[in-house]
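Working notes for the structure below.
In order of appearance the chains are A, B and C, and numbering begins at 1 in each one.
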Amino acid sequence: MRIMAYEALDFYDVDSLLTEEERMVRDMVRDWVDEEVIPNIEIACREGVFPDEWRVALGEMGVLGAPLKGYDCPGLSYTAYGVICRELERGDSGLRSFASVQGSLAMYPIWDFGSEEQKNHYLPKMASGEWIGCFGLTEPDYGSNPGDMITKAEDMGDHYLLNGAKMWITNGTIAELAVVWAKLDGVIRGFIVEKNDPGFSAPEMKGKHSLKASVTSELVFQDCKIPKDRILPGVKGLRGPFSCLNNARYGISWGALGSAQACFDSAKDYAMSRIQFNHPIASYQLVQNKLSWMLREITKGQLLAYHLGKKKDSGTWIPEHISLAKMNNVDIALEIARVARDIHGANGILDEYPIMRHMANLESVKTYEGTHDIHNLIIGRHITGIQAFTREA
Amino acid sequence: MNITVLLKQVPDTTAKITISDGKVDENSVSKWSMSPYDEYALESGLQLKEKTGGNLIAITCGPERAKKMLTDAAAVGADTLVHISNDGVTDSTHVQKLLAAAVKKFDSQIVLCGKQAADTNGGSTGPGVAELIGAACVTLVSEVNYSEGNFSTIRPSNSGTEKVAVDGLSVFAFDKGTSELRRPNVRGIMMAKKKQVESITSGDLGVILNSSNVALNSQNPPPEKPAGQKFEGAEHVNEVVSKLRNEANVI
Amino acid sequence: MDFTIIAETNGDSLHPTTYQLIGAAASMGSNSTVICPNGVGASEAAKINGVEKVISATGDCFNIFDGGAWASAMSSMCGEMTLISASPNGREIGARIAAKKDIPIIQDVVSMSEGITVNRPIYSGKAMESLTISGSAVITLRPNAFEAASTGNDAPINVVDQSADVKIAIQEAINKASERLDVTEADIIISGGRGMGTIENFSHLEEIADTIGAAVGASRAVVDEWGMPHRMQVGQTGKTVTPSLYIAVGISGAIQHLAGMRSSKYILAINKDPDAPIFGVADYGIVATWEDAIPALKSSLSELQS
């Protein structure tokens, strides 16, 4: 028997705007998260593992690389992709990170910048979940400033030689392939590195307090030899990685709402049940103020995400639109998680409740895919025309 | 082979039911779903379809919104989707007549349904349809199997379960089935979107819906529960057990 | 209005609900004709007050339960109003008789009055429906919702041999050790907490569960500390359940446990601590040790069953 169906907070009925296809995709992922993810996520988090069954299930459902068309990819709308991210992240941000990296950061660059051979070789197996991909841009010393990266590729005639290291790479240790951005003659290019390529290793980064049910890795290239046909021919410069990041950031703007909804639901249920001074704490004004604020921010965030989805689907978007939504929705989600923890009192620190797991996860989500401050400056530059990222002109 | 599954769309079993003006307010239902026992019937039908290479026909009698449920059935593999409008339907007898006529029209070799719908909680449809089409009916089944041209099923017995064979066209009414319910996937959803729902009326089926001699007076909230009662000492156990039977009607 | 009753049986004798069916007809001011399928309980039925006559319906068609064959054999003997128990078999026979006679069927009725007006639960008990029947119909009555008729009668018994096509055959009996119900499926759950003392003491709860067809649940403390299987855990990190009756034994009622069971229709709490929070949500609370209350509960429930 299906277990109790989840009803998400949707105060302004934004989901009523979804197409029937988007609704059916939503319900498919939502039911799966209820049945397979939520009952198991706390154990996965405690043990620090990403259950392989989830990779299999995501592949079977056919949601990986959601908005990509052709090559056995789903070919769904961007709105559907957003909905998928939201439903996954209601379960856990680490789960949604897996899907974001696979779809937007590993499949997408091959789809947009790869050769026909590369697309036919990699995309179908990535869509089915058989091959996991990851995205190597960030380096130990180059995070917000990827343009100055030092990972280098040298043209050795019959192969490329990669040297350098990437850090904070989701899926790295479990991936069959990595889309790695490195400088070839001073120009950033994309390279597909496969896990057995000589000179390549992907050790797991341990000791995380956040995204514990997700695999985070280093990618280490020590005279790593890769065949010439592994370069992505279709793009040069930062446009390559940034195109990928735009897609992932878009998904995150929806995803964060899933996390916020999970925290809101838990806080509301808890406030209605917890009796202190003979009354449920939901009857006290300060608690109601908090719940009301959460509803307000989630509703605003939903409208932002939905409209952005429409702009993505109609091609009328610019990267700054995505910066706004990612920044806003992640920011409010993290605040909602913190306030929700407060409402739960001491109980909120236990993994009986999902609150602190979401809260800790959202610290990463606020930092990756462009920190909050960087997106802030992206919008500032858009308003003023003046870049305020660096001290140089 | 035509495998017919009778489905009903009901308020989700976790949805709150609001009553206004002596009637359940359907507009306030936040989520509509396939009736849970029907889901097991559909899963069984899909397995039979895979085994026999047959055609799965999903039939529902209901309002317009029930067509969405048929699309959900298509997403997991239903081939033919039939919506019978429930205009003029006032009771179970009407539903049975319409479904029976549709079962005949679509030339079914087997009929699967849930043992009872989650809203009306009756259990009349399966056996009633069987009677109208002159078929056998087995209720509370947990699985249906096909082998060498014959269907057999598992139903409860006094000492466990029993395997039962049927003669001729039969209706199987499902309790919770032994199989896991399959999930749709994106490919199924996209193909389902393209599937037409065939809409038919009582007129198309040649069924006349006579006025019924049952009239609905009202639908009301359940009787108020008495306030919580607390008793000191195990000597009150008998009294409490009587209350559970006579006051609460739960045992 | 004449009432025909199809007797409900339990092995070789009448099931208590048959007395309730006869009592229900009597409450409408009417005697009834009782049909006993396969003749089971015919002489017993003849002794029930309110029975005008008993028809002992015999024939090979009653050897196994084939709802279609049974309905076919009995429907011609049914009069204007037919009452049957809302048991699984009763509902099936009722639906087939109604369809055969082209009359309405109303299932699972919990009260009946002049009119004939009946009430029945809908939406799994979240609402009640009131209907008025102005002609012939088949009604199935919920067990234990109606007063049983008394005995002292001596009605005549007619044996009528019937035949009907049986389309069902039993191929194989599978006598499996009945698996106890899972907490998410059961209509009644009996759950134990730390107050049960040891995991071995759960056997007492299991006995009760077997008596009334309930599932056994557990609080998180018992699962974490005594190794009870996790699938039995009810609560915030276990299952959320919505049975008609939740019996909480030796469970204090911490918020995490309540999260999993507070939507139960009725809650009976047994705890030796009168201040246990569980009493705040219980419909019926008994302040007692499980050692005192559980044996009493077991015998009380067993008596009820017979």
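The rule is short, and it goes like this: a residue touches a chain if its C-beta (ideal position, glycine included) is under 8 Å from a C-beta of that chain, and two chains touch if they have at least 3 such contacts.
Keep in mind that what you see is a predicted model, and the values were worked out from it rather than measured.
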Dominant chain pairing [most C-beta pairs in contact]: B-C
Chain with minimal offset from the mean of all protein Cα atoms: B
Whole-Å gap between the CA centroids of chain A and chain B: 40
Centroid distance [mean C-alpha coordinates] between chain C and chain B, Å: 21
Inter-centroid spacing, chain C versus chain A (mean Cα positions, whole Å): 51
For chain C, residues that touch 2 or more chains besides their own: 185, 280
Of all residues in chain A, the ones touching two or more other chains: 1, 4
Chain B: positions in contact with at least two other chains: 13, 176
Chain A residues touching chain C - in the complex, by the definition given at the top: 1, 3-4, 42, 269-270, 273-275, 347, 351-353
Footprint of chain C on chain B - complex, ascending: 11, 13, 16-17, 19, 24, 91-93, 96, 115-116, 118-132, 135-140, 152, 154, 157, 159-168, 170, 176, 212-223, 225-226, 228-238, 240-241, 243-245, 248-251
Interface residues, chain B side, partner chain A - complex: 12-15, 30-31, 33, 36, 39, 68, 71-72, 75, 176, 181, 183-187, 189-190, 192-193
Residues on chain C engaged by chain A in the complex (per definition of touch): 184-185, 220, 236-237, 240, 242, 255-256, 258-259, 262, 277, 280
Touching residues on chain A, where the partner in the complex is chain B: 1-2, 4-5, 7, 20-21, 24-25, 27-28, 31-32, 60-63, 66, 74-76
